[in-house]
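Same chain, two partners: chain A is paired with chain B first, then with chain C.
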Partner chain A sequence: MPWRQLAKMVRDRLIFTGQLLFTLLVAAFLIVPAGLSIAAGVTVNYFRGIQSGLTLQWIAQVWELYAGTIVSSFVIAFATLAITLLAGVPAAYALLIRGGRVARMIEEIITLPVAVPGLAIALALLLTYGGFGAFRRSWLFIVVGHVVFTMPFMVRSVMAVFATVDIKTLDEGGASLGAPAWRRFWDIIVPNGIPGILAGSLMVVTLSLGEFNLTWMLHTPLTKTLPIGLADSYASMRLEVASAYTLVFFVMIIPLLIAMQWIAERRGVR
Partner chain B sequence: MSHRGFVWLCLLPLVVLTAAFFLMPMARLLVTGADGPRGIAEYLAILTEARYRATLVNTVLLAAATTLATMIVATVVGLFLQRRRFAGRSLLIAVLTFPLAFPGVVVGFMIILLGGRQGLLGELSTRLGGNKIVFAYSIYGLFFGYLYFSIPRVILTIMAAAQKLDPGLEEAARSLGAGPWAVQRDVVLPALTPAFVASGAIAFATAMGAFGTAFTLATNIDVLPMLIYTEFTLAGNLATSAALSVGLGIVTWLILAVARSFSGNAVAAAG
Partner chain C sequence: MTVPAGHGVAVRIESCGKTFAGGTRVLEPATLEIASGETLVLLGPSGCGKTTMLRIIAGLEQPDAGGRIMFDGNDMTRVPIERRNVGMVFQSYALFPNMSVADNIGYGLKIRGVPRAKRAERIGELVQLTGIDGLEDRRIDQLSGGQRQRVALARAVAVRPGVLLLDEPLTALDAALRERLRGDLNQLLRSLGITTIYVTHDQAEAMELGDRIVVMSKGRIAQIGSPREIYFEPANRFVAEFIGAANILEAPVENGQLMLPGGRLPVDKPANQARATVMIRPETIDIVNADAASLAGTVETVRFAGDRMRITIREAAVNMLAVEVPNTIAVEAGDRIGLSVAPEAIRLLPAECQ
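And now, the complex of A and B:
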């Protein structure tokens, strides 16, 4: 009997070690290039390695060359957020209160852009609105693309929270006390949807900041966002500058990621 | 204002935005696809034209290979992380999910840093006296790029699904004499099927339709999104690019719709 137990222990130990090594290998595949990119962004000469010295000159150069793209990315992300909030939150309420076939159909349609490649949506927008010169050349054209792409995430995130707090009963309770519809929406519905609105907002901003597929087709030389600048630097700049630019992107996106994870944990999902 | 009226008013901005900036443009895309020299047959060109067909086959094979590899890797890792408790586990989870918010272009750059002309593997392989390994600017670079993109997503899905499994079932199987492999094969993996279908569909649809990674690695990788892009920008071939992107959109939508009916969850492709 002790022999069998020993054999079982050894086998379990081997399985555990094998799985751990495999997991570490996968983690290395994901994290090593990110680490390389961070290191290269602050190294004087990537070819000669870290012993060539550390520097912030590449970051300074990125700021000089691409500050505009960073600013515009934030402007576009917050404009997208404003529109998805204004249109998405009331819509989530209406879709949930109304229910039925029409509501499901609308939900299905606004979710389509999640499944359809950004390239197709961008082409469609270009074919339809490409002739409206002023609109096509402005930031708004990119914002429109981002709104179409991110709207389902806002609506679904808010709807998910509305569904858990039984918004229908709350709404009817408010109505029985004689509160008008818009007051109920503002005083009862919106405060109850805050966790969903927050989660949706983080999602929208993160997606908008990183969006490339649509934006590449919709941008003009005067309307470049950060991912467009990134692609440009990957194609035409030395590795150190491209890395420093990527580093800037990491610094922007990581707080958003952490906030999203924090909210998800607090809500006890995932 | 009546309550019904208010509800409609709440819905109005969304309906207007969606109609003007999604439905109308998609309808236009559909019409443009049939507006070329081939007419409505443009939609069949992807099957009848040898060059397009080759690209389609290429894309589907790449997406299938990526999906299979991602599923195997993420299942092993996801189950391991969900089952075992050890020092550094949460750090490992953080590392494995860190790339979730990377856009396709950044993923492409990560692959260049690994397997590009100045990449780590090339450096290591020449130092060890072998040939310089450079794989980034080919379909293999794209394969690893999509792997990089999909692994974190699928790991999360598998972990969430494994958490909901009833450990009693496994214990029962074990007490009935099933070995560890038999328990995995007959109890754990079948119970995870919905999660496999959902996350496999996302990985597949992403690998079919993503554009950023391919664009960063090389503009001449022969996959569908790059074909659409070059037909549109370089060849100015509106009808073909419209028809191809409608086809691609329908395929990715169908894959995700099937997956959703399996899992009951919203699934998203991106990249």
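And now, the complex of A and C:
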């Protein structure tokens, strides 16, 4: 009996160690490249390695060359957010309240850009609006692309929260007390949809900041976003500059991802 | 504590039917009048159309073409719910989770532009009336089911609605609480004296709360009447079986007597028919000496229910006969007993009915 117990203990131990090693290995496989890239961004000469010394000069250079792309990325991201909020939240409300086949069809159409390649959406936009020169050349053109691409994420996450709090009945409750639709929207619908609106907002901003496919097709030399700048620097700058650029992107995007995780967790707790 | 005055509007439902997209008819066109201050209960099993009827009155659903809803003679059919001045209690209560108890109760007043001080006064009145004083600052998720139910009720009557609509307001609660709140609710509705339409599938609730009951089945009105009429004089077999316990007997009639396997029963108003369907309530059957009785049977089971005994009897009728007797009577399974029923307690049902 003690022998069998001992054997079982040893076996459990081995299994645990094996699993731990495997996890660490996978993590390393994913994290090491990121780490290397970040390290490259602050190394004087990547080919001579870390002993060549650490420096912030590449980051400074990135800032000098590409600060414009970072600014325009944020401008575009927040403009996209504003539009998806203004259109997406009322749309989610309307789709949920109306229900029925038409609502489901509209929902599907809104969701389509998730599945359609960004390049195809960009091409469609170019075919349709390419002739409007001033619009085509402005950053608003990229905003339009981003709105098309991110809208489903806003609408879906808001609708999911609306469904869990049974917004339809709450809406009827508000109506029975005499509140007109716009009053119900501000007093009842929006406050009770906050978790979904927050989650959707973070998703939209994150996706817009990192969007490449669509943007690459839609941008002009004067309307570059951060990911386009990244591609540009990979193609034409020394490796250290490109890596420093990655580092900058990381620093910007990680807080957003953490916030997203945090909100998701809070929603789980409630 | 002041009891709000006003007795509400008279409601008239005029040939209101409802067919959903896709062609399912959930409500046959029905006409119904509810007097000012009356409590009317819509009673029936799930899917009978009672909630649809309530939602049409509320303005949450539109009746099919031709149907009209009148409040005090004014056509409200095209008026949306927010301008009908109704108070509604939902089955799930629909309390706003983003507001405190007080804000929930005061929301309708706020919408109507009642100033803050007036609002606070009315909220104070209502928490007293519904027995939830002290909970004003609580959030909704900090309340028990019974407390939520009271908040929902307070919120609905806060605006002094013309008609109060309640959609299964006690169904979400457990049995003991339901029974207690039913009593409270009854008292509250009586003291408010407001026109009330109450939807439930629970016949005990309907009996206790309703001035009149509308029994519904499969989208149709099966019977309208006072609780007594519904209980003692059911219009058809469905009502008889849905309300309380009932023995339904189908038997040939001879010389004004119902011919049963275990003997005969005199019928009060013998119709000119060869066969009859009758209903007998279990508590109207008395146990007598088997030798003297015109109807006899054998006791199959005896269940002691505390305040009374429930007995089933075989061989008296084609089916098992259910009898309720005082808890003092001594009978055992297998006993041969006689049965007597007052002729007026035997209710003739229309022959072709379901």
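One rule holds in what follows: the second predicted complex is superposed on the first by the 268 of 270 C-alpha atoms of A that agree within 3 Å, B and C clash if a C-alpha of one lies under 4 Å from a C-alpha of the other, contacts with A are read in each partner's own complex, and residues count from 1 in each chain.
FYI, a contact is a pair of C-beta atoms (placed from the backbone, for glycine too) under 8 Å apart; a residue touches a chain by one contact, two chains touch by 3 or more.
These numbers come from a predicted model, not from an experiment.
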item: First (chain B), second (chain C), both or neither touched by A:V143; value: neither
item: Contacts of A:D166 with chain B and chain C, given as first, second, both or neither; value: second
item: Partner chain in contact with A:V116 - chain B first, chain C second, else both or neither; value: first
item: Contacts of A:A231 with chain B and chain C, given as first, second, both or neither; value: first
item: Which of chain B and chain C A:L247 touches, first, second, both or neither; value: neither
item: Contacts of A:G100 with chain B and chain C, given as first, second, both or neither; value: second
item: Touched partner set for A:I188, first chain B, second chain C, both or neither; value: second
item: Which of chain B and chain C A:G178 touches, first, second, both or neither; value: second
item: Dominant toucher of chain A (residue count), chain B or chain C; value: B
item: Shared contact residues on chain A - chain B and chain C; value: 175, 180
item: Complex contacts: residues of chain C adjacent to chain A; value: 21, 58, 60, 80-83, 85-88, 90, 92, 94-98, 107-108, 111-112, 155-156, 159, 165
item: Chain A residues within the chain B interface of the complex; value: 11, 15-16, 19-20, 22-24, 26-27, 29-34, 36-37, 40, 46-47, 83, 86-88, 90-91, 93-95, 97-98, 106, 109-121, 123-125, 127-129, 144, 147-148, 151-153, 155-156, 175, 180-182, 185, 206-207, 210-213, 216-217, 227, 230-231, 234-235, 239, 242-243, 246, 249, 253, 256-257, 261, 270
item: Interface residues, chain A side, partner chain C - complex; value: 100, 165-166, 169-170, 172-180, 183, 187-188, 191-192
item: Touch list for chain B against partner chain A, complex; value: 1, 3, 6-11, 13-15, 17-18, 21-26, 28-29, 32, 73, 76-77, 80-81, 84, 86, 92, 95-106, 108-114, 118, 120, 147-148, 151-152, 156, 160, 180, 205, 208-212, 215-216, 225, 228-229, 232, 238, 241-242, 245-246, 248-249, 252-253, 256-257, 266, 268-271
